[in-house]
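Below: a set of structures, written as structure tokens.
Each of the next two complexes has chain A plus one more chain, namely chain B in the first and chain C in the second.
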Partner chain A sequence: MIGILDYVWLVPLVPVVCFVLAGLFGKKTPQGGGYIAVAGAAIAFIIAALASIDYWTSDYWANNQAYTVDMTWMMVGTFEINFGVYIDSLSCIMMLFASFISTLIFIYSIGYMDDQGEKKTRYYAEVSLFLTGMLGLAVSSNYLEMFVFWEVMGLCSYLLIGFWSFTHPEGDEASFRASSAAKKAFLVTRLGDVCLMAGLFILMYMVGSLDYADIFDNAAILADKYGKLLPVAILLMFAGVVGKSAQFPLHDWLPDAMAGPTTVSALIHAATMVKAGIYLIARSFPLFVQCTDVMVIVAVIGGVTAIYTASMALNNMNIKRVLAYSTLSQLGYMVLALGSGAYMISLGLEGGEHAEELFLLGGAAFTAGVMHMVNHAFFKALLFLGSGSVIHAVGTEDMRHMGGLRHKMPITAYTMLIGCLSIAGIPIFSGFWSKDLVLEAAFAPYHHGFGDAGTIFLILFILGMITAFMTAFYMFRMWFMTFCGKERGHCHGESPYNMSVPLIILAVFATLSGLLMLAFKSFGTYGVLESLAVGFGFEFPFHTGGETIVQIFKEIPTYIALVLAIAGIGIAYKLYVATPYDEEAFKPENHGALYNFNAKRHYFPELYNWISWKFGAGIAGIVNAFDKHVIDGTVNGLSNSACGGGDGLSAIQTGYVRDYAGLVVVGVLAILAIFALIFLYGGGF
Partner chain B sequence: MIDIAFFLVFSAILFGIGMFGLITSKRGVVTLMSIELMLNSANINFVAFSTYTGNADGLVFVIFTIAIAAAEVAVGIALMLNAYKIQKTTDVDKLSTMRW
Partner chain C sequence: MDIPILSLLVIIPLIGALVTLFMGGQRADKAKYVAAVFSAVILVVSLFLLFSGMKNDYDFSQFDESYIWFQAAGLQMNIIFAVDGLSILMVFLTALLVFLVVMFSWHESDRPNYYHALLLAMEVGLMGVYMAQDYFLFYIMWEVTLIPMFFMISWYGGPRRHYSAIKFFVYTHVASVIMLIGIFAVVFGAQAGVPGIEYISFAFDAVRDNAAFDTVFQTFFFGLLFFGFAVKMPVPPFHTWLPDAHVEAPTGGSVLLAGVMLKMGSYGIIRICLDDKIFPNAMEFWQPIMIGLGIFAMVYGAYACIAQNDLKKMVAYSSISHMGMVLVGMGCNSVIGIEFAIFQMFAHGIISGVLFMVCGIAGHNFGTRDMRLLGGLAGKFPVYALFMMFGFMASLGLPGLMGFIAEFGLLYGLWEYLAANNLHALILFGLLDMMLTAGYYLWAMQKTLFGKETDKIDLSHCHDIAKNEVAVLAVLCALIALFGIWPTLAIDFIMPFAGAF
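Our next item is the complex of A and B:
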């Protein structure tokens, strides 16, 4: 106990202070506030690390509790909304990797964004705010607070993807693409956010509070009391995840988001934004496990996203796009693992003879999802920063103009190789462990014959296996095309140290983070993964890291996945290294129908446009007509009648005294006549 | 004693003539004369009622009214003279320089 846990609220506060400082005074400091942003992220990381150590050595952790402190934010009647922190192992892990990777990305940005001039100030202010969003999300103590930070991230992603909206180094066409990509990201995620908000309203109605502690304590009661409403709430919350974490069918904004600077892509894909959706599932796990059927849907969406988006990466020529699709595919893995884990635990909660085993497997699946999120953060940050380094040196994102770069930029080439090995799932590298656990999690319900959805999970497992093969293939296709063969373009050589050093650090973590999380007896006597089981209101019986490793190597799917991954790498080698580069084959007119279909993203952007034109524009037209005719009509009608009435009445005002006198006489006579009538017929007053 | 109705009918007729003149005539001097007629019809009513009720208040009022009417006519005629000097007419419809 060193007492820093009480100051954990500083973690999101430091970057937001940096946002203000960099925004206001960034122009006066060197690198347009870059050092402020780096310092903020580094300080946030240090505080997060100290607070995490504090938590893991505290009584809260030992007693299976979350550390939570709340203050009242607002009162609406008897309904109280709090603002506070909720720290358990999941939040600790989230804070740690988000702030650590962001620090490295910010350092890298100083080199990468060096030539951006005054716009750097804007960049550094916005990335600081982005980090605030993620860290705030990680420490929030209730859903509303989380939603606030969730939206902060939505805003920052919009601003940063559209960083080049006004002037793009590649001309107007590119800046137009950037602004439309930003709009797309904002609107598509907004669709999910609206659903999430609706889900939270239902939750508020059911529980009367949005505090994690209240909701998780009452989760089982809720399931009994609101058997129909709870699945709806959870589905709506999951729709928020689908938007934020770019799951099928709302996946299409993420590839477009590549229009921003590469560092922003790294930030969105590794440390922030898309990880928020995964975090929401992991955080809401005690709630999600109450609905067995919904969890099947979650797992299916994850599995479908994984293979579907992997297929689009197979023939893409843009180095960043390949990475974007691989992110989508890996996010699908995470959702698949979490869905499958929640499915098994929900079956376990129903009791029965297998309950113990189900808890064990479900817990393993949950940790697989979270672990893959962390590992993915490391290797994807590495890959994106590596691709940024390549783009920086070559000046294009098109892999057809790269090739043979490993001699000119060895650090970038070999660190990226580590990233590729990790994502492809080669043993020792971090991706291997978590990907294997994910696939095992998908396989488990069928393998052990749990529940009615076994066949569905078998299909998902097979899809996952094919995805593993595709992943290995397209990642190495990218690496071979970029770094092997003959040089096809111009290259400036290796990037400066402030770019290559973060790459090396990330490469170390991309290699070791899996093993560290499995085996490292961290902060006391427990492994990081085991600590995840804490604070959920129920306990997972847990494999230790060592047992998990043994388990991994005992299962047959491990070896199948490994063979598939090596086959993928082999085919990539055969096609892109052993076969000489044939320029003709890459020309658009020589592409087959399937190739074009895939390259056009299965016409998903067209589908989005079609829906928005047919459906969105129709509604917009009706709203516009209502606005023009009903609302404007009322206002204009009122003002017109006032004007017309005034004109009409002013005609009486002739300015001739005798007219006025005549009117007075008429008036007097009229009054007299009325009085006379009253007297004659009414019998007096 | 003459019935009060005769005085009231006489004053009403006088008032009606004055009113008619005021409404129909365009000439400024005639307008002033019409106003004078209407004032005096009111005076006749005052005097008549005062005599019939034996209350002197009405008579006092008439003195005031005559004095004020004299002042009003003095101002009115001065206005008309000046208007005539400037516009060469006393037609009130044509004295419209300050009209909106």
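Our next item is the complex of A and C:
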């Protein structure tokens, strides 16, 4: 105990102070406030690290308790809504990786955004505010507080996607695209958010509080008492996840969100904000497990998202879009693992002879989901920053104009290669461990014959396997197209040090974070599991890192996945390195309907437009016409007939109050007469 | 209290109005200084009121004032002023907005003495409405607000100002006459023929103490009063005066109209209709209607917003949508519903101030508020864009800002009502409203601020916001953030009143 834990509220507060400082005085400082943002993120990271160490050495950790401090935020009737902190190891892990990666990305931004002039101030202020949202989300002690930070992130995402929504360097068309993308991102996630808010209403109605502690304590009672309402609440909350973490069918905003600066894509749309949904599921596990059936839906959504979005990355030409689809697909993996884990734990809670085994496997699945979230943050941030470095050097996002860049920008090329190996699931690299655990989690319910949904999970497992193959293929397709073969565009050479150093650091973590999490207790798999023990109030059976590694190499699916990954890389090599580059092969008209259907994102943008037209502008037009002609028409008609026809209102526009007063008297008399009639008819008082 | 603080809140603006009114000719340009001083004094007095109530555990009874005005023909009119959890925030809001409007319209050059006299006269009426505890006084003050607003629109308005002004006047006046019938009914109904009553008093308390109406009477006269107030709020289908009035009204008039005058309607409903001594049984009939109308207003207003091209007309319709939410809260008739209805009245008062000022600036800086002509303003006018975004985000209920607290509380109150009455699915309309609200604001921002800079109007001579406008908007935005982050600050004032429901 060193007492820093009591100051953990500083973690989200420091960046918001930087937001204000950068916003007000950023223009006067070098780099438009960039150093303020970097300093804020770094300080937040240091405090988060000290507080985490403090937590991990405290009695709270030893007794599986969360550290909580609450103060009343407001009274809603008799309900108290709090504002406070809730620290368990999940919060710590969340704070740590978010602030660490943010620090690196902010440092990288100083190089990347160097040429943006006055706009830099806006950028650094907004990313600082964003960091507040992310860190606040991690330390929140109740759902409403979490929702506040959740939406703050949504706002920053909107602002930063639209960073170039006016005066875009590439011209007006591009600024229009950026502003459209920002709007789409906000509205689509808003759809999830309003559902989440409705879920919170139901929770508050059932429990009378939104504090995590209260809700988790009462979760079992709720399931008995509100058999119908609870699943609805959980589904609505999950809808919030679907919006924020861009799961099918609300996934289509994320590819468009790539219109923002690449650093923003790396920070918000890969490493942190889109993880908020995953964090929500992980945080709400004690509640979510009360509904077995809903958890199957969660897993299905995750599995479907994983393969569906991976398929769209297969033939995309835009380097950032490929990464965006891959982010979607990996998020699907996480949701799949968490859904499967919650499913098994919920079966375990019903008791029976397998309960212990179910808790073990369910806990492992939960760990897998969270671990993949952390690992993904590292390797995807690395990949995005790498792509940013490439875009910075080449000036385009189109991979057809890249090629052969590894000679000119070796640091970028080989750090990105590490990222690709990691995401493809090649052993030792971090992605291998967590992806394997995710697939195992999906396989477990079928493998061990738990529950009625075994077949569904078998299918999900197969989908996951195919996704693993696709992932390896499209990632290496991207790497080969960018860095191998002949140079097809113009390249400025390697990026400056403030960009390449963060890449190297991230590459180290993308390699090692998986092993680190298996090796260390506090911020590793045991720590993740401890958050379940805090929520549920009992300890979960646990495999140590060593046991887990042995386990991984004993299972056959591990080798199947590995073979599939290598096959994917091999095919990518065959198609994009061994075959000489042929421009014709990349033209849509030389391909079949399926290729183009895929390239058109399965017409999802059109679907969204159609829906928003149908339920927005379409109805609005009818309402407006009704308002103008029927309601206002009646009003004007009445006044015309009262004033003797013609253009009544304009005819009496004489400008004299006397006339209006006369008019009013007429009206009053009429009403009095009606009133008297009603009065007489009704028989008096 | 020796100094009659509450009377001062009515008397000071009255004096101010008279002084500025007679500052014609050469001195007209100085009227703004007079108006500024007077409105600043009122703001200080209202702040004093606020803080001394805060120190006194949110009890304002020490400020109560009661005088007999006149007794004649068996009737007694009183001048009774009091503030409580329902009115104190409205009083503060009135004082704040009038002061800020004076600051905002600093460069008004068209007959500035009349302009400021009208503003201060409006303040007299508004303060009176929110503090009066006597039906007669309440009605007089209600009408007093009407006349300055009428002249404000018809003298300082846009091209169709006469049509709008008359429509505003006739519409709301007819409604207030119907309201008057309701007032007479409850005043006489409660006291006529009751033994021991010498004079029939118009005081709120006299009516409350003697009211014992049967359900039919309650239901009917609740209806009349409700109609009178609902037109003011306004509730569709009695709303069409509002967009027209806003479109034509000058910015200052719009700010006061949306910020505090609409709230007179909801204030009246809470103060009179929801008084369970006068109308204990009426809600059985009216509650579903109020909830239904409120939901309708929310969604209808939001849809109407989407179809608007005039920025100001869109904001006007959004007022209808947000006041629909207040109606829903009042319809719930629960602690939460009333608490957040009042909070929303306060929040919307401040937020709509920002919104209408932003629209006004578009009108006088760029020469048009038509979104089809505007575009890409953010590049050239970043400060303007910042305030517009802030106002829109606050209005669409972004957490951390005031609008969210109100929206969350009101929709939760609605949910509680729906769940108790087995109408769970209707909450979907609330969610739809939230989606639509985000939709029209985002769309409006895209059309006006982002994308290609417009070539349909000449922006080369346009300047960004003036300094006085920046200051005013910054104050309002700071308040929006303050009460959004720290809602208890306002809720503590409301709770002593709302807790009784």
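The definition used in the following text is that the second predicted complex is superposed on the first by the 599 of 685 C-alpha atoms of A that agree within 3 Å, B and C clash if a C-alpha of one lies under 4 Å from a C-alpha of the other, contacts with A are read in each partner's own complex, and residues count from 1 in each chain.
Methods note: a residue touches a chain if its C-beta (ideal position, glycine included) is under 8 Å from a C-beta of that chain, and two chains touch if they have at least 3 such contacts.
Bear in mind the structure is a predicted one, so any value in this text is a computation, not a measurement.
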item	value
First (chain B), second (chain C), both or neither touched by A:Ile619	second
Partner chain in contact with A:Ile504 - chain B first, chain C second, else both or neither	neither
Which of chain B and chain C A:Leu512 touches, first, second, both or neither	neither
Partner chain(s) touched by A:Ile560 [first = chain B, second = chain C, both, neither]	neither
Most chain A residues touched (candidates chain B, chain C)	C
Touched partner set for A:Tyr205, first chain B, second chain C, both or neither	second
Partner chain in contact with A:Leu235 - chain B first, chain C second, else both or neither	neither
Chain A positions touched by chain B in one structure and by chain C in the second	653, 655
Residue ranges of chain C touching chain A (in the complex, touch as defined)	154, 162-163, 166-167, 169-171, 173-174, 177-178, 181, 189, 216-217, 220, 236-237, 239-241, 300, 303-308, 334-336, 339-340, 376-379, 393, 398-400, 404-405, 408-409, 411-413, 415-416, 419, 427, 430-431, 434-436, 438-439, 442-443, 445-446, 449-453, 487-488, 491, 495
Interface residues, chain A side, partner chain C - complex	72-78, 144, 147-152, 155, 162, 165-167, 172, 175-176, 178-180, 183, 186-187, 190-191, 194-195, 197-198, 201-202, 204-205, 612, 616-617, 619-621, 623-624, 627, 631-632, 635, 639, 649-650, 652-653, 655, 660, 663-664, 667-668, 671-672, 675, 682, 685
Contact set on chain A toward chain B in their complex	653, 655-658, 661-662, 665
Chain A partner contacts - residues on chain B that touch it in the complex	19, 22-26, 31, 92-93, 96, 99-100
